[in-house]
Amino acid sequence: MRLATEKDWTHKLATIDPRVIFLLLLISVATPLLMPFGLPVGISPPTTSTFKFIEGLPSGSLVVSAFDMSAAVAPECYPQVAAFTTHLKNKNLKIIEVAFDSAGPMFADQALRDVFGASKDHPLYGKNFINLGYIAGGEAAMKTFAGNPKVIQKDFYGKDVKDLEIMQPLSSARDFKLLIVISGSQVDNFVRQFGDPHGVPIVGAVTAVLVTRVMPYYPAKVVGYLNGLRGAAEYEQLVKRPGIALAGMDAQSAAHLLVIIFIIVGNVGYIVRKTRRPS
Amino acid sequence: MIGLDARLVGILLSGGLTLMAYSFLYRENRVSRIAEHIYLGAATGYGVVLSAKYVYDNAAVPLAKGNTFWAIPLLSSLLLYFYFSKKHFWLYRLPTAAIIGVGTGIVVAADFRTRLTEQIKATLLPLFVANDPYNTVNNLIIVFGVLGALIFFYFSKELKGPTRTLADFGKYILMVTFGASFGQTFMARISLIIGRVQSLYIWPASILLPLAAVLVGVAIAWDRRKQRTPRVSAGK
Amino acid sequence: MIVLLYASRKGRVPKIRKLAAIDAIDEAIGRATEMGRPLHFTPGIGDFYGYDAPMTIAGISVLGHVARRVAQYNTPLIVTFAAPEIEPVITDVVKQAYLAAGRPERFNPDSIRFISTRQFAYTAGVVGILHREKVAANLMIGYFAGESIIIAEAGFLAGAIQIGATANTYQIPFFVVACDHVLVSEELYAAGAYLSKDPVQLAAITGQDWVRLIAAAFLVAGCVLATFGISWIADFFKM
Amino acid sequence: MKLKVPLAITIILVLLQVTDYYLKVPVINTVAANFTVAILVMSAIAVGIGIISLTRIHVRRIVKKRPHSLESAMMLITLAIFILVGAVLGSGDPSYIYMFQNIIVPLDSAMFSLAGFFMASAAYRAFRVRSREAMILLVAAVIVMLGQAPIGEAFWSGFPILSQWILDVPNTGGVRALIMGIAIGMLSLTIRMLMGHEKGYLGTGA
């Protein structure tokens, strides 16, 4: 190759410094968060069926939120949790929060504080909602909890669980009217331990990466799911509580567009160079 | 409980750490290295605490209550620590062999069923659906895609003729799969950046932003000057 | 099924097509040697438990071959991992390899580095090592999850030649995009056998092909029958 | 002795777990279940090995005054703080939650989100129409990206539908073939282990 082409514009287009891409990506995410342009977000069928399912539950039903999420996926999963918890509160459903990942109880606590205004000090704590904390052991722990939810002695804050009203009518997972799985790793284990043996309907609050793994169970075992941050944004619209997910959607659009533009730019440089080379 | 001031300090701390970690995007530097090492210490320490709690709650407490079964894993895992002995080094292999045996045994048994036979079963689709060209085409793509991709990995010899064509089709299907997976994951990772940036907009973390911008500007100017003065510092 | 094939195939060296990505391992070692810079190997964040176990084992098996070669050429080696229980095994493998190459004195215990049990703390550590130690070749062979693109892209930015291999299907695209060579899914399991050149191990790969053909045959037959509404093959798989 | 005993342990335990999965024999099921929980405890205890060697590497770095000893010192200090506070106050204590929320959470998600930046630069560099394969990968990725973000719908309402089709049909085919292949590969690896040919995991190298 001749050295002169090194200064060529096509060469420049084909070899942009990665740091330029990093910076532009950061700007494309940061700007719409400050100045949203409000593109409409369409609502997909899995989100609608999730919403309809919860709408159809009689008030006072027991719903379990299973936090199987790590801190790393919180930006995707937590907005979903907030939207779900709001919906459950509006429908006056009872919420049992339990965690199968060590980071889970922290986010369970945060959800209560964000939606109800307080967690363990709220007058309804123990009546309408409870944070049972983390149970170690992965799928084995799920199996144990599904068989006997009262196996847990103390909640996350160290209160004796048996004194709390919400736990009284429970005998097994059959008493759960819905299981919300908040996860960035898998739902298969919940289907195996709750869905199949106890017939508990499952809703997935999952990361976008996980969606391809949820699809085989939808709609038979998993009655609905939210697709990452976008799913959260859709749900925020349905429960009429626009939040950080909806605010993030424009940033999402801008970032996707930017990367597609970069792919095109890179290819233009590449193709032009390739067609020129023979001459 | 933690008061309001602690909350503000927390926001500042987490915002600062985020920016320190992001400084790596410009290049590896002392600030990003410090963030990396704080993270290593914190996360590893947290992992130790949780593991210790798990062993304590699930093995030590039952043992103290008289369930002697738990003495077996507790004692045999001590053999692992012969790793540090020069003479009886090999003893670590006994508990490791047990861990591997149970670990692979569990997977292989379940996997042969869920991954192989269940997947074959799910792929047994009719190749022609009457009056439904859409599903016919979809079924054909799935069935020939699976077949082709399976054959694509054929190790015994190079493929030729019609099997080559089938394997090529399989390869293209695999490429679509990889592309789709890339696109889906990209959305997820952008969400994470959004989450970080949103947390930086919270007061008082937002006061860090102009500070970071100035620092990055200085770093760029510094690097430019270094580049112009020919090779003063041979290191970087 | 495979056991039968095993017995019948002992004593005959089966032919295997060339796997370019595995052959590239030698190329990578050669490059690191020429440049006098280290080679980084990681079996990923897996341990010996659950789905990651076989991938970790396959990765360690490749490490044995890599370490032997590296010992011969006296190329600096760095091995990182995230599960503490695999540390003794890794040390053992690398030590034995140096011994087998007749160079036990070249083994440096500092080259075996546990980083952290937490996924992204591990990632941060590896990314730091790739840059600081100016790694010339980066081999990622084992179980990888969300950190794959971070390590692979950091390796690229550090200017390393890279080979990625994992059977975690969701991560293969990132290796495809960022690495020079990729072992796609099951090629990972074949790698150890391929490198060993041991006839019996190679026979196992041939056995793998037989199972593959049988599965394909079931598929073809089942689909043809399903087209005419007959489902007894599907029923057979219900067991 | 040094190899045969561990090899025998592995083989027996693999066979035990496989029998447990396919046969419902109460004795075997109980023994297998006990081994499973015992192993969880054993791998938790193994974390100690990691801590010892991690500390060793960093202490050596500081003692020998190698580059980056300041960073090593910071890492040892944070490690000690997190272990001590966790051991003394317990992992559910508000101060531990505070440390977790303000140190581990931001760094965890900041590190993970680096993946987003790196995916962007990798996509720019690698998604070139070099070959038919590369082009297919690129097109599929772009369609899915457009299908996921609201901007795709704003351009053309067909993007979400097309991207869903890609996920449902060709993607399903590809993923199925991959996981079937992996199951076959794993089976072959396990059989090699059971026959005693694959001993790499016992420190023999191959």
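Here the chain labels run A, B, C and D in written order, and each chain numbers its own residues starting at 1.
Here is the rule we use: contacts are C-beta pairs under 8 Å (C-beta built on N, C-alpha and C of every residue); 3 or more make two chains touch, one makes a residue touch a chain.
On a predicted model such as this, the values are computed, not experimentally measured, just so you know.
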> Tell me, which chains sit next to both chain A and chain B?
Replying inline: C, D
> Across all chain pairs, which one has the most C-beta contacts?
Replying inline: B-D
> Looking at C-alpha means, what's the farthest chain from chain A?
Replying inline: C
>> Averaging over Cα atoms per chain, report the distance between chain C and chain D in Å.
In response: 14
> In whole angstrom, what separates the CA-based centres of chain A and chain C?
Replying inline: 32
>> Please tell me the distance, in whole Å, between the geometric centres of chain B and chain D computed from their C-alpha atoms.
In response: 5
>> Can you work out the whole-Å distance between the CA centroids of chain A and chain D?
In response: 20
>> Where in chain A do residues touch at least two different other chains?
In response: 18, 22, 25-26, 70, 72-75, 102, 137, 208-209, 211-212, 230, 252, 255-256, 259
> What residues in chain B touch two or more of the other chains?
Replying inline: 21-22, 24-25, 33, 35-36, 39-40, 42-44, 46-47, 50-51, 53-54, 58, 80, 83, 93, 96, 99-100, 102-104, 106-108, 116, 120, 122-123, 143, 146-147, 150, 153, 174, 177-182, 184-187, 190, 192-193, 195-196
> Tell me, which residues of chain D touch at least two other chains?
Replying inline: 36-37, 39-40, 42-43, 46-51, 54, 68, 91, 100-101, 104-105, 107-109, 111-117, 119-121, 123, 125, 127, 137-138, 142, 145, 148-149, 167-168, 171, 175, 178-182, 184, 186-187, 190, 193, 201-203
> Hey, how would you classify the chain contact layout here, line, ring, star, complete or other?
Replying inline: complete
>> With touch defined as at the start, can you tell me which chain D residues reach chain B in the complex?
In response: 2-3, 5-7, 9-18, 20-22, 34-52, 54, 68, 70-72, 74-83, 86-87, 90-91, 94-95, 98-117, 119-120, 123, 132-134, 136-145, 147-149, 163, 166-184, 186-187, 190, 193, 201-203
>> Which residues of chain D touch chain C once you look at their complex with the stated criterion?
In response: 39-40, 42-43, 46-51, 53-54, 57, 60, 68, 104, 107-108, 111-112, 114-115, 118-119, 121-123, 125-127, 137, 175, 178-182, 184-193, 195, 197-198, 200-206
> For the complex, which residues does chain B have touching chain A?
Replying inline: 22, 25-27, 50, 53-54, 57-58, 122, 180-181, 184-188, 190-198, 201
>> Which stretch or stretches of chain C touch chain B in the complex?
In response: 14-17, 19, 47-51, 53-54, 57, 85, 87-89, 91-92, 115-118, 120-121, 124-125, 127-128, 131-132, 169-170, 172-174, 176-177, 184-187, 190, 205-206, 208-209, 212, 215-216, 218-220, 222-227, 229, 231, 233-234, 237-239
> What residues of chain C sit close enough to touch chain D in their complex?
Replying inline: 2-3, 6, 47-49, 54, 57-58, 60-61, 63-65, 67-68, 83-85, 87-89, 91-93, 95-97, 100, 110, 112-118, 120-121, 123-124, 132, 146-147, 149-150, 152-154, 156, 167, 169, 172-174, 176-178, 184-190, 192-193, 195-196, 198, 200-201, 204-205, 207-208, 211-212, 215
